[in-house]
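Before anything else, here's the structure in question.
Letters A, B and C mark the chains in the order given here, with residues in each chain numbered from 1 onward.
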Amino acid sequence: MSAATTPTPTPAGVSPLGKVVLALLAVVLAGALAFFLLWVTGVGPLAVDWIIETGDANIEILRFIAAATGVLLFTVPAAFVIIYMELKLIAQMNLRVGPDRTGPWGSLASLMAGLKVLSKEDFTPRGVDVPVYTLAPAVVFLASVMTLLVIPFAPGMAGYYMELGLLYFFAASGIGVVGLMMAGWSSFNKYSLLGGIRAAAAVISYELPLILGTFGVVLLAGTLNLGQIVENQAGWMWNWYAFQQPLALIIFFIAATAEAGRTPFDYTEADSELVAGFATEYSGMRFGFFFFAEYVNVFILSALTVTLFLGGYHTGVDIDPILGFLGVTTPVELGNIDPGSLGPWLLAIPFLVPPILVLAVSGLIWMVKSEWGIIKSLVVGFVLTNLLVGAAVSFWAIFSFEALLGLLVFFGKSFGLVALFVLMRATYPRVRIDQMANFAWKWLMPAALLNIFVTAGAIIIVREYFS
Amino acid sequence: MTTPREQVRSLDDPEVMVQTPGTIYDTIPPLTPRTEREAEFYDVGDGEMLVNLGPQHPSTHGVLRVVLKIDGEKIVDLDPVMGYLHRGVEKICEHGDWHHAISNTDPLEYAASMFSESLPVLSAERLLELEVPRRAEYIRVLAWELNRISSHALFIGWLALDLGGITPILYGFGERDEIVEMLASLTGQKLLFNYMRIGGVNGDLNHDFLSRLGDWMSRAGARINDQATLMNENEIFVNRTKGLGVVSREMALQYGMSGPPLRATGVPYDVRRAHPYSVYPELEFDIPVRSDGDSYARYLLHVDEIKQSLRIIDQVLHQMPDGPVMAKLPRLLRVPPGRAFAALESPRGQYAVYAVSDGSDQPFRFRIHDPSFFNLQAVVPLTRGHLLADIMAIMASLDPIMGGIDK
Amino acid sequence: MLTTLDGRLGDRLVVPAEAMGDTIELVVRPRDLTDVMRTLRDDGALRFELLADLCGVDTGLTMQVVYHLWSPLSADWVRVIADGLSRDDPRVPSVVQLWPGAEWAEREAYDMFGIEFEGNRDLRRIYMPPDYLSFPLRKDFALADDASRGTGAGIRHAEQPVAPAEVRLAPVIRSSAGAGAVLGADGELLALAASATDEAPAVDSGEEPA
């Protein structure tokens, strides 16, 4: 290396990471300064008091705002999970592997897809009807998301308890059709027009069987309040409305497949016929909205099926008699130990119990699997102990807080139905549009009406002669 | 004729861009119609719309553009526009050797290229009256039948994909993958094999190929059955294809169709039996024939043909003789003057060549008759009056491949 | 079958039907074409119902249209050659009335050779762009030159030297009879027909194309 070369000077400036850190530091310092000033001058506590006072007075509104925000925030991760499920499940059914590079087992693939969609250029094609074109994705997205407000996720955990919950649900999801038509019409494109009209025709045809299919449940429950409907299905599994209204369940599920725009009724994105249907002229995040709306729609229709027919957040097993028999009460009591009376032995719990447990489990493993060394069995024992303790704590939590159990059961059932939707997508080809309309108007709707009549008749008979 | 130089406008001249009306390349050109049919087609009635099923489309089996005149969802008329994949293969063959023609005709039927590259081979052998070694003939039949199976597996997948089912094509590709790997160990290529030679084949079977073939034969039936079961009884699939695109016997003969679309109408015309070539007379197989003539019948026929091909491969493996795989030919091959029409049965129909030789080492005229060209013509009368979704079902069931149609 | 054909069609054939391999070849004049085709298709003893192929051939001296037919009654193909079309204005009656499937094949023959099929309602180009000016498969279309670009094309051949304007390229035309007769640009004979074992003689005016 020749001595004549001088090292190039480093460019003056901050690296990107440095910029982020500096910005955060500035924010933290400014916040600390503001907080100090507010506290010192006495404005802070006054303001806080005022906030608490108005909050208490308007607790309902605040609760509603919190519920709406929660619901909106919930949709995006739910959509990501459903997209990942779809990618992986369909891949397995196609004898493929699916995404497995981004994240462990490809779990970040849908997140990356979302980020990619976000990073695309946001353009408006020439000739479109700009306000309608811009608002269409918002309408479709909101129509799907607004319905989440009334679904009871767990006992005591619905966004808003409405007496007319079911009516509100169908009203809100019906607005989606307007959004589809807006998207198809405003794009300056014959393909989009055709796609939009086809999609709207499909959705409208199947809304009637969808709604009529639920009338049987409403008649049996006597209310439109979704929370009440779920409560009616408490207890053992045969209380679920699925066993009292099997035809309605089938009708509802088929109509829900068409409502969500899933194969075999996926005219919204019949990509072997009309490339991208009504969303041909959309790209970037606008298309992302349609995409999300579809997956959220899938989720809420599954959630509604679960709520109406499959017992909502109830496990289907009436565990109280069993627990009573075993002498266990909920919430599970851990005995009447007063922590204060332990004295210095209180320290034993966090410092002695974990190492003893780990050593015990590792010792067991080392004795059983003698070919593993001490280090390996210690590591495995550590992991295993964590898992065991976590499982124990989870069991305690689940049985103590029925909301947690309810939440898990609800999500399990909903995602199970979503998996059924995904399975149908992988298996079936598409139904032709006139065959679809035929099926909806000539078969499903009469079947739904028949179901209502039979249910009503049965209720009257039972009431007259058996009670 | 070559246009005289004075009439040709060079693209380097900027005036050319200004003078050329852009309308000649419009998607739906308001151009002055050149023929009666064009005038009739572009005369758009009240409420009708012209839509492009454009050259870029997932379901047109290549770059095919179909201009549709639709009335709502119903198709009133169609006008297929081809030529996006035209490579001038016939002209190129006239300027190269007879041997060069083998590589030039390879990409014509790219899904099953052993058939298209056999065209110059068979025609030259007929003109030379060459005796091909028997082992080479048997290897050729093996290659042909393997290509037939892989092409049919792909056809079933395409048909399902065009109708919206995304799973059967991956099963088909799984099957095709194995066959193609086998042929890669035999020929060195996976898609455009370049394996046939005038007088034989390029290289004998090797151990890797035979072991893969044996493995595959033991499992082949099962996966095809899987793929077929997924679709045969599938209510939605049957409703989409049954009674659709019905081709009558007269129509098939008038349109010059061949292959599965012709056999699905009840005409038992298979080139392997009607004009036997190679060692097919010594092999035992049936010609599946159905009489419905609709898309569903064509689909079932493809599945039947796969089973027959498996039978043929079995016999070939048992009867394979020993010997050389290539006949002795002079270095500079001059084909004696004459005219020959050589035909073979490809997965899509009758693949034929009309070769005219003038005694030199270049073909004088090398006319390639592609079955998809004639089969695709039927799409126009079959689809009129049906819905937009039906054009996929009909076109896919006729199994066109644009490489051959556009040459 | 050979005798039946001779019998039914004898007066309309230019030369007697010739059997070569598994094909029987008939040569007709363009004006007799429709009759011959109709007889071949409809006659009860012949029944050549399937039109297997339709193509044009440029022999350098004339144009031909060649049809191949199949019949369930015969193990042979029948090849009908409509010979003697002039190279400047080739016209032949269309068989679209007999076989609707011939429409696209006739379009292709028109596109590649310029042969006009009278009676075809849709005789426009099928492969080349609509404003293309030349007919590519003709023997006087030299591939390396490819000067007859439509405005959509414009790809220059990679090895093509930019020829100066004053050099005329004389085409080499070979006839299908097996001779290597060389005609000059004005049609005069430059070299005699050579035997099949000789190379095509060099053209002495201009440069030799490909």
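Heads up, the rule we're going with is that contacts are C-beta pairs under 8 Å (C-beta built on N, C-alpha and C of every residue); 3 or more make two chains touch, one makes a residue touch a chain.
Since we're looking at a predicted model, the values are computed, not measured.
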item: Pairwise touch network: line, ring, star, complete, or other; value: line
item: Chain located farthest away, centre of chain B as origin (C-alpha); value: A
item: Geometric centre: closest chain by C-alpha means; value: B
item: Highest-count interface - the chain pair sharing the most C-beta contacts; value: B-C
item: Geometric centre distance via CA averages, chain B-chain A, whole Å; value: 48
item: For chain A paired with chain C, centre-to-centre distance based on mean C-alpha positions, whole Å; value: 69
item: Centre-of-Cα separation between chain C and chain B, whole angstrom; value: 24
item: Touching residues on chain C, where the partner in the complex is chain B; value: 20-23, 25, 49-53, 55, 57-58, 66, 68, 70, 72, 75, 77, 79, 98-105, 112, 114, 121-131, 133-138, 140-143, 145, 147-149, 151-152, 154, 165, 174-180, 196-197, 200, 210
item: Touching residues (chain side chain B, partner chain C) in the complex; value: 1-3, 5, 7-9, 11, 16, 20, 24-25, 31, 34-38, 82-83, 86, 88, 90-92, 94-95, 126, 253-258, 269, 274-275, 334, 336-341, 343, 350, 352, 354, 356, 358-360, 364-365, 367, 369, 373-374, 377-378, 406-407
item: Complex contact set, residues of chain B against chain A; value: 49, 51, 57-59, 73, 160-167, 170-171, 174, 230, 234, 236-237, 239-240, 387-390, 392
item: Chain B contact footprint on chain A (complex, rising order); value: 90, 93-96, 190-191, 194, 198, 263-264, 266, 270-275, 425-435
